[in-house]
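For reference, the structures are reproduced in the following blocks.
Both complexes below contain chain A, partnered by chain B and then by chain C.
Coming up: the complex of A and B.
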């Protein structure tokens, strides 16, 4: 029998120690239920289920507060659960007089959803809390259960701030929105029912940019028909920031 | 009138241009993620260079064989640190080993790294040095003696048969090590190349480009390390070795540059919808780091320098100087390559309509100072390793041979 070279023995021992430590660490540190149902600890499901339930759900609120439920059912906030603003109310359901849920009345709460953020969809009401009636509580003008506007917005930017904030730094800054969009009457108060329409062909852009157009002399002029071929202008140019490309 | 004043001002601001999604304003992968592929590339390159001597018997590279292995180990030890520093919870990183997700390339890489460090590098170095370690454990005095005794791991047999076995097994490890080194850096490219949502990264060529740039950077690093260590130790450099290194560096650069050019032409010809924003990014944000630093300073100039120095009739002194400068330029170029991949891939918006800017911090965990420390640390480790495991003994012999040869050798 050929003898095993001396230098192999320590290497094998070290390898066994490394592999052994790895197996031991796996047994010690990996929870036993890990991987039973997927790449996670199965016991975590039960642990979460065992957590104390703090939210009661909107239906529990509506059992008693049916007057608010009725107002809310027809409002823009109808999809919003009561506890989003009032906080967890499970205790209140169990002992209505002992635990009174909080109602946010300051200016800090509503902007969590309605503060301007460019990632929010255009048309979602967004304000700049520092400029929008500073110091005044939101509730003094808007009923949170039926948040209608006290008056129709004066500017399109009240709802379309994302577009407005881009347009303001573009060459189109001075153009009113109605230069290109036709707005149905009542759009500012009922935007879902009265739509704002977008241009449908290149004639809208050609109005200022067609070669020979005397409107807006500083605007770049092109032969729209030759330039665009079969494309629409906004296939390439973003109308609210045309210099982007 | 007002806009003619405002617009040039706005355009001159280095921040955002066009439309950028809100979660793209700030880059998520910072300079630390630039350093990581740079360091792993140096490891893979240095190892592949070492394997040339061992497997392919390129005897001219003998003086740097051990030095390459130690260099690879030094950089290997530091390579994961930028990743750990980048993590929010580095203390949890070991869980990746305990519960690895087989569908995650990043999770599986932990094992590639462990394999490469433990099975390839450490074993190869140990087998190569074993005879010397046993000798030192007998010659040295005091605590050092016991340190070397510990390093022998009890294997004190240095008979001719045992040493021959060391050489044999060392060769086998090197042969395993070559695909491992390819895997190590190919993986780093794979991580980027497989991100299909990012047109700057998503390319099957990226792992191959990474691999060749790794070889380029590794050879250039060894050229520098060899020249600097020789200068510090006041020993003569083997011109044969330097010439060979320069040749390999030039060939690797030619392949690397061709592949990158191919990738570039392919993108241009394919002309996907992302091409306009990528072109704009190259001509604005990446102009200095890509066109000037990576291509002109980091590729064309050193390639020309190497051709001129290697194949021109120049005195050795001048030749060495050009090699040295070229190797530094290559390092600058490869670092720019990593920068352009990692940072460049995050500078354009996924809307393909805007560009953002990367602002490098000076202080802080993801800052410039930490990055410099991470880049210097391997050199410190290399210094310590060369004290523990001097790679010079063998070089002394070779240098003598070289000295003999140099009298008759015409390069």
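Coming up: the complex of A and C.
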């Protein structure tokens, strides 16, 4: 048997120290649960689960406030969680008498959702807070838990302001909405159930614009059939602002 | 002497024999009980959370979003996100697409304080709001780049951060194609949306879903029949953000405009 070369021995010793200290360091520095479920500390999952909850959730509110829940259940605000307006209330659930959640009563809060913003989806009820009964608290007319209108709107523009603001500067300014739209009875009080209908064919426009029509003398006249037989008038012309073609 | 009817009503079994027979059936009864997964039953009764039963995801209906940013506000309260601008776990972007020119996207303070008026000169073609948050990607780039294993995919389909293990190198913030991460100014570690992991594992909704006034946000589980998300998938055309990056996001959008990035 040949002798191990002398220079190998210190190299092996050094290598063993390096490997040994690496294993020792790995044991000390890497948490014991690292790699159990993947390349992370397993405890981190539990630590994330144990964080404090600030919002209690509407179900917790309804457990005690069943009277409000009942009012809300049949209103436009039924899907609106209590804590949107009243603020986070987990503390109130734990100690109902010590922590009382806030209730916004001024004019500042409702416009966060109901202030007019052109980017909001059409049909969502919006008002201009500067022009809508300035100085009056929203709550004095609308119950936030069941936000019905205090009285039926008189003008279509109360809800359809976006259209009204365009129509007022157009050649159609003097036409009433009902000239073209048929409105179901009750549309002003429950618009979701009683619809307003749009024209279905070109005869609505032809009523004024057909050649030979004597209804409005100033209205431009065309031969509706020859003008276009394949399209509806509003495919090209915007009826609320017809000159914008 | 006993009549036949007597024998039928009271058969002559001694008490001792009856008990003996009872003891013989005991092992088979025990086997029956053991055949159920006792542990699993116990776990369910004790309310122990089993992550393998869940696969969380979120749906966002852009047509319903009114841009009130109550989600962003509530998220900051729930998750103790700094109130200063530029730190968000979720935020709402406003898209204004003019007749001519490039789309304008803004989100001042995440939308919490409202949006400035759109210039009167601009001819708007269409405009809408897009809520954004961490997409909890199945193939998350942030998880891939983390050098220390401080961010990871859980079995229930959520991407979490381990704040005690994060070294604050910001690789994940750079890697996230959705800009969903930020460096927490106090702890100096990466932070982002967890789908409110502390709430969902307790059977509650993420707080942004809880407070959304128009139910534009839907939370649920993929692949579960009774999830509200299933209805959302069935009735809407679904898109995800940046599908070409193959990150497999788990936040699904309905009514997503082609201009949204």
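Going forward, the second predicted complex is superposed on the first by the 193 of 245 C-alpha atoms of A that agree within 3 Å, B and C clash if a C-alpha of one lies under 4 Å from a C-alpha of the other, contacts with A are read in each partner's own complex, and residues count from 1 in each chain.
The working rule: contacts are C-beta pairs under 8 Å (C-beta built on N, C-alpha and C of every residue); 3 or more make two chains touch, one makes a residue touch a chain.
All values derive from a computational prediction rather than experimental measurement.
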Looking at A:34, would you say it contacts chain B, chain C, both, or neither? Reply first, second, both or neither. both
Once the shared chain is lined up, is A:47 touching chain B (first), chain C (second), both, or neither of them? second
With the two structures laid over each other on chain A, which partner does A:231 touch: chain B (first), chain C (second), both, or neither? neither
Between chain B and chain C, which makes contact with more of the residues in chain A? C
Answer with first, second, both or neither: which of chain B and chain C does A:121 touch in the superposed model? second
Would you check which partner chain A:80 touches, where first means chain B only, second means chain C only, and both and neither mean what they say? second
After lining up the shared chain so the two structures overlap, which partner does A:25 touch, if you call chain B first and chain C second: first, second, both or neither? first
Chain B versus chain C as contact partner of A:99, first or second or both or neither: neither
Once the two structures are superposed, pull the chain A residues common to the chain B and chain C interfaces. 34, 39, 117-119
Chain A touches which residues of chain C in the complex? 49, 51, 63-68, 70, 74, 77-79, 94-96, 114-115, 118, 124, 127-129, 149-155, 160, 162, 164-165, 194, 197-199, 201-202, 204-205, 207, 210-211, 213-215
Complex contact set, residues of chain A against chain B: 5-7, 9-11, 14, 18, 22, 25-26, 29-30, 34-35, 39, 117-119, 166, 169, 171, 173, 238, 241, 243-245
Seen from chain B, its contact residues with chain A in the complex are 3, 6-7, 10, 17-19, 21-23, 94-95, 97-99, 101, 118, 123, 126-127, 130, 153-157, 162, 165-166, 276, 280, 353-354
Any idea which chain A residues touch chain C in the complex? 31, 34, 37-41, 44-45, 47-55, 57-58, 79-81, 83-84, 87-88, 112-113, 115, 117-121, 124
